[in-house]
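Each structure below is given as structure tokens.
In what follows, subunit A forms one complex with subunit B and a second complex with subunit C.
And now, the complex of A and B:
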């Protein structure tokens, strides 16, 4: 046994070394997150709960095309579409149900949406004692969208129609698109 | 292709050409497209459909022809001998891709909101060609044409393939659509650029390869992939169309036809068995299935009012009370009625229940006032109760004689076969009808005859055939006595009487007779105006005489067709759900047939029996104490003079089994909710003898159940061994008793018929009452295109298309009465009077007025008399004489 090894044994060198490492952490920044007192930083592209979005004038983006429904691998979404009452030619989702319990957060529905009406939020605190609270309807989904995406996109012009003689007058007034007046 | 088909299509010289280094011979005049398709190759195209002539508007079906610089549109270029054609080349793929790109430049990319999304040929093409760039986009930005009641035209999406226009013009022959240039774009609009007013068959909707034409009744309610599609039979008329019922969430969203842009490759001759299209009723009349008026639970009358009950209570109640009535008054105190809209299985189960469990032969179906006169007369004359011709025979007939039938309105798909023969196979179509019907306007031999003189017209035609020496030699040698008797019989008819009865001259009859015998294959279409009249039975016998005189009996491809109003009237006769029929359509008084059925059922059959009119009389006299009506509503169908209301109020037990609460149901003691055809399995036998599968497309509304299941349960509760668990078992049982039940037997002239021919011609030719000064108008109840029976008036879609419960009168009569469309008039007959709004119709003859039979508000039917044929027992109640007076507001 050499002298240094003997001294190490006498003065508990390994313990000192170990405690040194421990005490060093007292002066370092903590990496333990005190959830739920502190919230984690989520990366961009985090796939949290689904939301439905609106345009800047407060109307829904969704046109009820049901492409999300067909894109969904686990039958989460159910869309029932119809013509919007009072706005002929405007297709909308009469009901839109989203079963979070089945969702695998793959984001296919968001990719499928042709009008960017769907977005995945960074919300994840949806644990519940009652699974029924996880069946979301359209109003709930729009509310999630509202609170997560306050900045809304601009709405394209509504090319609908009104009943009456509009067809004849509109077509007569119509020239080639370049000279066309905005209806 | 069948033998006779080949003989029909003229044999043309064949031409040899080379397609992709492969030699092929085709008949002269074939297009390159058809030649290539015939080899099993495909050329993509968007405007081609086998039902009509190629139009060549889409420019996608390009092929390379050696010697030509530019690619050629193959559908419109005929083949030339020695032609060298290249189809599968890279250059052609690119050329076709370019053509599709061109369509996409003007096509809006609004697929997410388009109803055709997922069922769109342009989408499929773009995908198959791998189109990602479409160059300069030129959007039209047009508003949608929503003027029509049924269809929306979005001209932004239109690719101007003209399939809608062509099918309307060449197949449906309505010609309601046209191209119209306005605002710098070509539009598809209704003729005259107005709101579309046509037959609304919707075939244009079916062939539209994009979403330019959409259905208003299901707009935006679906995406094609969300719907569960079931092919089943239509239950409106007896044309027996198969259709796709498309369902989501227990609601029928739309009905589509087998005709579609997807099935575009076939020979035009294949349309002879039907082109796959539908009529307005089939395609747009589906809302009644979803109706909130449907009965959902059984109802039992308690303290004078109908109250909801469970199935357990309701069936037990019916069984208990039927048993009590049977014990107290015998089985003949019970009677049953069933509608011919039920499946064969329902009808069979019901007639077995009545005959075996109850033990009475007092049962009838609604085929009594439809098909029965025809069956009775034809069985008497030819031994075959059922029509022997098919769709196929109608299309390829050389001559078609349509008597007393507005066939384009009552049976539009059968009418399409006549139109097909007319336009493609040079058929001589002879139409005799008092009204200028749609077919009269198309036919080469239209005859406007006096009201109610259809029988006299047939007699006149027979006389003209015999006296013109047009009887074939074969007939005179095969049936010498019958021909001789007929010859002397027609000699006793005077031309003057026939001329004054029909309003046609002797020369006209000679012309019609010549046209009628000009071809080998002849089809006679007998409508309800000739069969369902007081002299209907005699009229059908007169038609049998005409068949004999012209040699139609035993001639392949020749015969009579009887377009029925209800889908399964032929089935009701065949299954035996009538007092005078046994299963298999055998006569009830035929001892051999009775023995066969009795042996199969293990017991004896009840004797006697009562038909519809006799049942009503029996109830009124108090002999019959209980009535079990399935889908039948005698109160809403028969006129007041039949005394149905009084009769029903005397019943001890009235059971109404229906999908809706009818007038009869409102008087019933027990109401049982029944499933509709779309909600059950089974079969229909259509008017042309095809057994149509009926497949359950959705669950029955509420607690409604199939008729056969309800009947079986009641029978079991009454202690009978009627034990079926599925519809197929019932069909198997029927086919075990009569293996050929659904086949029409051969027709041959019956012995001993000669004797009565003379007697028949001794009677006056016209049985209709002569016009009197007191009642100068002939009123008839008629069928309109968009309705069928009373059931369709429960459909809100069809009511949107046509809810006109108006009396139609001729323009001349309106003038003399001093009334215009919309005025109120009082219609009176010796039986009563009713106030009704009128509609002036320029196609009606002077002295005739008519009212749609589907509407009971106002109850015009109640001013008409009822007349029951002594032989066929068929009640006729759709015609009578009336007086019309203007109501001064």
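And now, the complex of A and C:
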């Protein structure tokens, strides 16, 4: 054993080194996030609870096609489609139920929607003591959309015919509603 | 009248010491969690009160409310006795700890003048008394472990007994060097002999500075109070919680209080014996009251406890025993021999 190694052992060199490291960390800023008091900064594209959107004139975007129901991997969504009263060519979702307890937040429903009627929000604080509060109907989903996306897309004008796919391109051409800016 | 006056003095001093020690114990848990948190880039308790300052009160309240469970098959009498047997020696050890100089005379109606002094009693065998009590405290741990009727508790208690006996030797003998130099076992006399600057403290004093003994005392004290890295008796990964696995509520709190009170006690002894007690490091700093210097030095030691806990992992059991018998005891014996030789030539 060399002299320096022996001295290192006698004076607990390794332990002193470790003590120095912990002492240095005493003055470092803590990385704790005091969660309920300070909220985390969520990245763009964060998938929180799903919401239903409206057009700028307050009408629903959803056309009741139930593609979201088909796309959903865990049977969260149930859509019952119906014709709009007085406008037999227009369909809408008569009931739209969403079971948050089963949702895996994959966002496939949003991808599947042909008219961009769905969007994932950044809401995540949905813990509840009562499971029934997590079974959402259409009004609740629309309310979530209203409070998370105050900027609504413009409704395309009806051109008297639904021949071709002009309606879909017109809907898609509208800017996707911007996420409400969090302060 | 004379007797009543003395009674007032004794009860008053004991009351002051008890309240101070228990408050310190309560807030030592808070301080430990804070320091550990900071060292691990966390914050420690933050929720109860401003920066978690009321956390010890909340913890105490919680422990009062907890159900008091006595396991079936446990020896009820010894099971209830063990926490008390552990706590009482830790607390009455403070009887001989002097925390300052001088005296305070207060005229009381009907009783007359009473003179308070900064210690409960000045035993002429103070150090021996403290060491004896710390051995008695090991009985509480051992009996608590045995009476719980649980294998984890029993193993924890046995480990604790073996550890305390091994390190008690090193702890006691590391103080012998100072006893040779001071020529007294009374903590008050030892502290008074170190007046006038840090070069008179026994850790740095001629003829032979006891700095090695101080380090050895520190290591033995950590082992004696069952703190990391020597917390084999309560090693979570092996023994759940060691000797207090089966304890709950106030009985658990008693063991907890005893551990922290022991930490404060060994820190006080180290301060008095090696670091000059209440004396200032330089004579021109004498205007600062002695109690402040005393607390400052004790806090440095307590911080050392937390610091070591935050840094080092737990030792293996054979490492603990090897270190105790093959390193610590030869070193303290060598220290005694060298100190006595140096002191012999110094006195002639």
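In this text, the second predicted complex is superposed on the first by the 125 of 183 C-alpha atoms of A that agree within 3 Å, B and C clash if a C-alpha of one lies under 4 Å from a C-alpha of the other, contacts with A are read in each partner's own complex, and residues count from 1 in each chain.
Just so it is clear, a residue touches a chain if its C-beta (ideal position, glycine included) is under 8 Å from a C-beta of that chain, and two chains touch if they have at least 3 such contacts.
Computed from a predicted structure; not experimentally measured.
Engineer: Just checking: does A:35 make contact with subunit B only, subunit C only, both, or neither of them? Give me first, second, both or neither.
Structural biologist: Touch partners of A:35: none, neither subunit B nor subunit C.
Engineer: Check the residue A:19 against both partner chains and state whether it touches subunit B (first), subunit C (second), both, or neither.
Structural biologist: The answer is second: A:19 touches subunit C but not subunit B.
Engineer: Going by the touch definition up top, name the partner, subunit B or subunit C, that contacts more of subunit A.
Structural biologist: Answer, by number of touched residues of subunit A: B.
Engineer: In the superposed arrangement, which partner chain does A:65 touch: subunit B (first), subunit C (second), both, or neither?
Structural biologist: first
Engineer: Mind working out whether A:81 is in touch with subunit B, subunit C, both or neither, as first, second, both or neither?
Structural biologist: first
Engineer: Contacts for A:89 in the overlay, against subunit B (first) and subunit C (second): which applies, first, second, both or neither?
Structural biologist: So A:89 only meets subunit B here.
Engineer: On subunit A, what residues does subunit B touch that subunit C touches as well?
Structural biologist: Dual-contact residues (subunit A): none.
Engineer: Per the contact definition, I'd like the list of subunit C residues that touch subunit A in the complex.
Structural biologist: Interface residues on the subunit C side: 35, 37-43, 46, 307-308, 310-312.
Engineer: Please output the residues of subunit B touching subunit A within their complex, sorted ascending.
Structural biologist: 111-113, 117, 138-147, 182-185, 187, 219-223, 225-226, 249
Engineer: For subunit A, which residues count as touching subunit C in their complex?
Structural biologist: 15, 18-19, 21-23, 25-32, 34
Engineer: Once bound in the complex, which stretches of subunit A touch subunit B?
Structural biologist: Per the stated touch rule, the residues are 63-67, 69-70, 80-83, 88-89, 91, 114-115, 159, 161, 163, 166-167, 170-177, 180, 183.
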